[in-house]
Amino acid sequence: MLRLSTPGNERFSQARQFNASFGGGEANVAVSLANFGLNVDYVTRLPKNDLAEACLMELRKYNVGTDKIIYGGDRLGIYFLETGAVARASKVIYDRANSAIAGIEPGMIDWDSVFEGARWFHWTGITPAISEGAALTCKEAIVAANRKGITVSTDLNFRKNLWKWGKTASEVMPDLVSGCDIIMGNEEDAGKVFGIHPSGADVTGGHVEASAYESVCRQMMERFARAKKVIVTLRGSINANYNTWSGVLFDSKILYKAPIYNITHIVDRVGGGDSFMGGLIYGLITYSGDDQRALNFAVAASCLKHTIIGDFNLVTVNEVEMLMGGDGSGRVSR
Amino acid sequence: MLRLSTPGNERFSQARQFNASFGGGEANVAVSLANFGLNVDYVTRLPKNDLAEACLMELRKYNVGTDKIIYGGDRLGIYFLETGAVARASKVIYDRANSAIAGIEPGMIDWDSVFEGARWFHWTGITPAISEGAALTCKEAIVAANRKGITVSTDLNFRKNLWKWGKTASEVMPDLVSGCDIIMGNEEDAGKVFGIHPSGADVTGGHVEASAYESVCRQMMERFARAKKVIVTLRGSINANYNTWSGVLFDSKILYKAPIYNITHIVDRVGGGDSFMGGLIYGLITYSGDDQRALNFAVAASCLKHTIIGDFNLVTVNEVEMLMGGDGSGRVSR
Amino acid sequence: MLRLSTPGNERFSQARQFNASFGGGEANVAVSLANFGLNVDYVTRLPKNDLAEACLMELRKYNVGTDKIIYGGDRLGIYFLETGAVARASKVIYDRANSAIAGIEPGMIDWDSVFEGARWFHWTGITPAISEGAALTCKEAIVAANRKGITVSTDLNFRKNLWKWGKTASEVMPDLVSGCDIIMGNEEDAGKVFGIHPSGADVTGGHVEASAYESVCRQMMERFARAKKVIVTLRGSINANYNTWSGVLFDSKILYKAPIYNITHIVDRVGGGDSFMGGLIYGLITYSGDDQRALNFAVAASCLKHTIIGDFNLVTVNEVEMLMGGDGSGRVSR
Amino acid sequence: MLRLSTPGNERFSQARQFNASFGGGEANVAVSLANFGLNVDYVTRLPKNDLAEACLMELRKYNVGTDKIIYGGDRLGIYFLETGAVARASKVIYDRANSAIAGIEPGMIDWDSVFEGARWFHWTGITPAISEGAALTCKEAIVAANRKGITVSTDLNFRKNLWKWGKTASEVMPDLVSGCDIIMGNEEDAGKVFGIHPSGADVTGGHVEASAYESVCRQMMERFARAKKVIVTLRGSINANYNTWSGVLFDSKILYKAPIYNITHIVDRVGGGDSFMGGLIYGLITYSGDDQRALNFAVAASCLKHTIIGDFNLVTVNEVEMLMGGDGSGRVSR
Amino acid sequence: MLRLSTPGNERFSQARQFNASFGGGEANVAVSLANFGLNVDYVTRLPKNDLAEACLMELRKYNVGTDKIIYGGDRLGIYFLETGAVARASKVIYDRANSAIAGIEPGMIDWDSVFEGARWFHWTGITPAISEGAALTCKEAIVAANRKGITVSTDLNFRKNLWKWGKTASEVMPDLVSGCDIIMGNEEDAGKVFGIHPSGADVTGGHVEASAYESVCRQMMERFARAKKVIVTLRGSINANYNTWSGVLFDSKILYKAPIYNITHIVDRVGGGDSFMGGLIYGLITYSGDDQRALNFAVAASCLKHTIIGDFNLVTVNEVEMLMGGDGSGRVSR
Amino acid sequence: MLRLSTPGNERFSQARQFNASFGGGEANVAVSLANFGLNVDYVTRLPKNDLAEACLMELRKYNVGTDKIIYGGDRLGIYFLETGAVARASKVIYDRANSAIAGIEPGMIDWDSVFEGARWFHWTGITPAISEGAALTCKEAIVAANRKGITVSTDLNFRKNLWKWGKTASEVMPDLVSGCDIIMGNEEDAGKVFGIHPSGADVTGGHVEASAYESVCRQMMERFARAKKVIVTLRGSINANYNTWSGVLFDSKILYKAPIYNITHIVDRVGGGDSFMGGLIYGLITYSGDDQRALNFAVAASCLKHTIIGDFNLVTVNEVEMLMGGDGSGRVSR
């Protein structure tokens, strides 16, 4: 997906230029994983034009496999971004309708071949929001992954402005999520999609109460039997420049809590959740069995994402581990 | 319509920024007319979002009336532009499908009210190319204008990549053009839409033979009985930086020929035809009865357009008349 | 007025480019009002050149009426801005002497015609500072407005570097302010122009004591009998990036206090007071009778101004009301 | 003087940024001379502010002596530049009225001390155009230079938009020019200031007839007895991007002619005449007695100026001599 | 190699920013080939730092294989580029000494493994110029390629400023070139390295006489017995913006001549020769046996390179074939 | 030294442009001193190329004497800078090996002549790190300065990545430092170079305990008998955007402590230590005998440096004294 953002903090009505980059939920996770050194393929449908070709090039640049992408349709999805400040919120204008991925239909991708040799499949709640075909293809992929015994993860990623094809997230998501082993979301996702609510959280007010989320996680696991782990990202929005950031992971027994980071001078928070998921998958695979460390890696990695312009989280394992080790001092490395 | 162009001569795959401006056939003509001091309203359908609002603001900036615009639909049409050089052609990627204007339907605009007090209605062949609704609405407007005795002009503006809604330009355009008083096109338009061809022209090779176009004009007037004047723009493409530029006007008796300009260092040729039409309408209204002068104004105005970045022709009547008077020396004015 | 600001935090000696926009006290208020949906005309004197024309276009873009502007004189006023950071103050270099507006003389504007149908006239203390003619014209306008029963508001806006034409602010302003219904200023204005001081305020130190300003307001109302409301903006300057922001409104009986906002990452504070005035006029007109709400709207609107680059406050009523409602979390709107 | 130019070929109404540099007739000549290795001081009057300080720094950067500059006044002169293309002329908006140099008066500069050890004094026709004080100070300097036996040169540089202080160039210039040893101008200068016209030249049309200027030179020398050499720069304006460029030097006996250069892709022609004068003074001093070589150096140096952005001619003696030697091929030097 | 070029036509002393891209003889050829759809690996030695990593990413973006690159040494080579105009030449400042590739030594690369499955090996005369180790490694690679029967091509690419390690090009190159099947150069290369001169050519003067080069080709083939084809690129330097461009190919019997292209508005000529070689290798492989077509493809491809900013030739086979087919009109493709 | 920094907070892999400026320890101190009004010469060795020439020009711009610079060698040292944010550290890639200054040898500079009339010589620990020749030349200069009775100051400036020529800082520095009168460092310098450690400091954690450094200072003075004052800069790294900043000065009897500044929105911290040294030398010279004031000036000056982009501290004495006086409110100066 093409991301077009106004320079600095300009409003849409002020912009004479847009900074162009590429992003989108699953692509962001793929770049994180490739960047941390894992083998990863991005599977999507793209049109045959120079913009999509530029998108492909960018993925290749970051070492994401692009051989399984299929081609067709007329346009690349776009989102426009205006970056807020202090009490002024950032604004996203989606222009994704009728994109190539929205035109996908079951049967277009040979999932058995795609999943050959794979061990993990990740999807997000943005894909089924785009079109019925995308939702059905999502289902098709989850079924195929389950059949092959591949771990399936999802980021609920509820975006109310995207669900316009006829069904609501509440109607579509439960069936898809029921095929997942790892479920990630924030308290808004759980509430708006499944009607599951935490108690005592006041997100707008900037307060973050990790322990209050155990009930959400527990309810999620009760509802989705296949789930092994439920993860909640915890964002405390002090203002558009200053957030707190953390997360919890629940494995049906223990609620692991990560440190809370003060992100006092955010560079770019878009893609924060995706970078959390990228860090989490890396952590779960690499620190196999050590869920606390996997969670801490995810939170530290995504904390660093907030300092990188663009959707992609371009930090190294080394940088993440340095922050996990407690050094967030930002002293010059020379 | 939002125009997103790569900086300088960058290819799409090199661009990290797009320059953003607004344009589109009819809007470009409207800006030309407002800029020359005429009262003009731009009538279209726009979505209710910040990008469309920015587009509105830009039109207002150049004094184009925006009160008759209607609102609805989901997106603003976009086109991406990569500016070529020498033997490398410029490329346009249209992303206009499903734009607000594509979703227009007859009955949405009250043409009688729109045309209250108006004396001229201009449309281009791009609008009926977008969707059946847009084609029907075009027809509706032409009929209303004819009924009110308003002069109707058109720029044939054939774009083969836009005609995708089911019918071809050859099927749709004749009926629309039959309601026009003034018809403008280039030799490609006439050939591809109506099968009318000039003899002996070699456009790709850069040669321009004004007199060869009389037969095209004559055939057009025979076919479209309402037409009072047929105008052909004459572009000689030496290369992407260097074009010759001229035009002829045929009033069924005389073929008026304009001087040929050497545009040796083109800044931006997109919108060149629209600026010709803007100059022509201004000339026909202002120099009423002096078709030679009107044509010369149109050619000089659009020659100057090639020195302005963006779709809009931001030159003054004074600047055009100075060029018409023979001063194309480009000496510093101080 | 042309605003030329160095990019980012560059010093004047580092700048190779200036960002160009337009601004100035009254223009900023006009843009705020037009932007909030009110009908507004900006009345000034501009030279006939391309820079002034560009300024006009920008006002038109934001829907400010420009038909009542008169033309004459040789130059457009300029101010140069270097944006500070932390303990380094921003610097403004005024280059307004001999601008078109400085050359204005009583009689040039037909105020009776300008005020036809108007209900509000706003002027600022910057105008009489520029030249004797400007001061006299200000007086002329106030008298005309009083005669027509139009509400007159002023922002004292004391700038010591501008008062160079022979008289001091203390000599000129009292007569002008005596014709005003609504008087706005900060504690420095009141002190330096009228010798009226609050007690216990320590502005440089960053502390803001709203209640301490009641005495200032009361003294102002005693001095200026026509005044119905006196408003004081309260800025606590922690440093160049971080200010607190609030205001009080006194209606001779009650001192209304607004919430205090922490503006922790200022984007641009120039025009902050003007955006307060724009919000206040909008609030007083729209929430007629509810002075608390009008004040709160003014403070919230101008709080948001600090996140917008340029002099103009490009926020919507909706955005202001969201902040008034307590949501300053800056969460992404998508 | 501060030069503010729109980026690329943007019109004033399109510009959101201005490129900032410094320039002005005499400063441009000074930079040329310093750049070619001569000792040079720039004498002017500047205000005490950060913009003037930045101007000083820039002169120092290029090795121009700034110790003899005096301080006072309120503003630095400004000129705005919009760069044309093809048939669209570049536009200059002067904003120099009331600048520090306009406020200069005889007696402010101690010319005897300034000229201590100097061998050459150069002034241009722009200075006396600005104000009566500037014209009188010019006279004062010329008289002092004559008294000390210092060579005095002038560039007539007629700018009709600058002569606004009461007298015309024709009234003021003859007296000043009568103190000059070296007089440079173009055919327009001679005609508009002294009523001396060449025969058969058609400058707007782009034709350059070097030999036709002998009569102009001869008339100039007859009129100004002190003059040892009269130089005419010959610009053929094909269009805004493509000029021919040459010059002639007349020493009362021989008319030296330089080669004619085709400058097919002009980068920046402002300062072209100043760079000619800089090259000429360097050539006359360095190639003492070889006027042909001095003239050729001047023409080649100023030909190269057209490839440099900004007023200053930043080329080396070596580069000029390479072009004089016939290599204008522009092959990569590596 | 990192390329740092001044923006637009700025001189080094004016630049506050450098545009950063990557390039270098062999890398440029590799990108051309990958871009035309061939499988290609770039073999070099890079340091382990973020700049080299960014260089790798850029190669990957354009589909060049990077798995065979070895790591070591301290720095990435740099070249600084100032782009000239008209009579002012572009300047290159090399800063390649002590780069990672300069520190390469025979034995570091396992050529037998590198050449596994390869059919073509290309090197340029820049590599042996850098250091003795690089020259020896070049020799090592050529011997290995010869042993495996892989076609070896070279571009002589003589750069006198690079040969600083002790031996001259004339001492080193003959031995290396003797292992080559395809030899490309321009007339300067042949003359300066091997003392072989064409007759009657005047390169500086801009005249290009293709037929005069047959003697050079013939002498080359007599000297280097293994050579099957000798190719000479023909650049006519009218000035820095306008070159003619062509080439000849000699197969010991026939001298094939390509059309001569007028490149009237050069965007970037650096990498022109490399893009010729990339086109030639593609042509020789794809149009096997049709040397005329291969040559024409090479000339057309590299003609188009002059319209692309940066070292890499980012044009498609389709675009090259369109130009080969005679359409250099640069008409907008939409 | 050329500084090439990525724009904004871009990572090296994202940058398409580098901002170019000049810097380096000693140059930064020289610019500070010149800027505060002292006479200063920068002594170094530069290559003869356009980049070094541009560096010279920049120094001249800020009034630093450049006449004592010697020329030779092949390249100008470079450092690449990526500016971090929050928990992501800034990164510096040094590319200084084989620079002109690295090739310096004793005897190249005539120190007796350089020191003629001088009263102060400052060097930093970066110079001897670069090469053996640089270390020996440093020694040579210190000996010459001591001989002439010139005050010698040093900033220890330990950079482990620079010490690559064979000896360690611990081997080389003691002999050099023993010739110094004024020694400045941070706690890391003292520890890593001389094995002298403060107690109880936790720099990474952001806590700053001024009093804990007395023991470091005392140990330094015991070790280096010539030292009259030891200064420690105290940086508390909350994160990459927010540091506390202070310093202490020990004169063998009293430990002077400066106020601690909260630098909450750092613009550029590179050169912070150098600006401290520049402020200190200025203070010690100007406020002779008042060490507290000298220290306070140093801390305030370098606090302001953090708001200036680039290595150089472009603030005035007036601005520093305003901050020393307690006004760090950053209110607009107009």
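Each chain carries a letter (A, B, C, D, E and F) given by its place in the written order, and its residues are counted from 1.
Just so we're on the same page, a residue touches a chain if its C-beta (ideal position, glycine included) is under 8 Å from a C-beta of that chain, and two chains touch if they have at least 3 such contacts.
Predicted model only: the values in this text are computed from it and were never measured.
If you check the contacts of subunit C and subunit D, which chains show up for both?
Chains touching both subunit C and subunit D: B, F.
Pick the pair with more C-beta contacts: B-C or B-D?
Comparing B-C with B-D, the pair joined by more C-beta contacts is B-D.
Please tell me the distance, in whole Å, between the geometric centres of subunit E and subunit F computed from their C-alpha atoms.
Each chain reduced to its C-alpha mean, subunit E and subunit F end up 44 Å apart.
Can you work out the whole-Å distance between the CA centroids of subunit C and subunit E?
Going by mean C-alpha positions, subunit C sits 62 Å from subunit E.
Check each residue of subunit F and list the ones that touch at least two other chains.
In subunit F, the residues touching two or more other chains are 11, 13, 16, 57, 91, 265.
Judged by the touch rule stated earlier, which pairs of chains are there in contact?
Inter-chain contacts occur between A-B, A-C, A-E, A-F, B-C, B-D, B-E, C-D, C-F, D-E, D-F, E-F.
Provide the residue numbers of subunit F that touch subunit C in the complex, in ascending order.
Per the touch definition, subunit F meets subunit C at residues 261, 263-267, 303-304, 306-310, 314-315, 319, 323, 326-334.
Going by the contact rule at the top, pick out the subunit E residues touching subunit D in the complex.
Contact set of subunit E toward subunit D: 8-11, 13-14, 84-92, 94, 159, 161, 203-206, 237-242, 265, 269-270.
Would you tell me which residues of subunit A are touching subunit B in their complex?
On the subunit A side, the touching residues are 4, 11-13, 15-21, 49-51, 53-54, 57, 74-75, 78, 80, 82, 91, 93, 95, 97-98.
Under the stated contact criterion, what part of subunit F meets subunit D in this complex?
It is residues 57-58, 60-63 of subunit F that touch subunit D.
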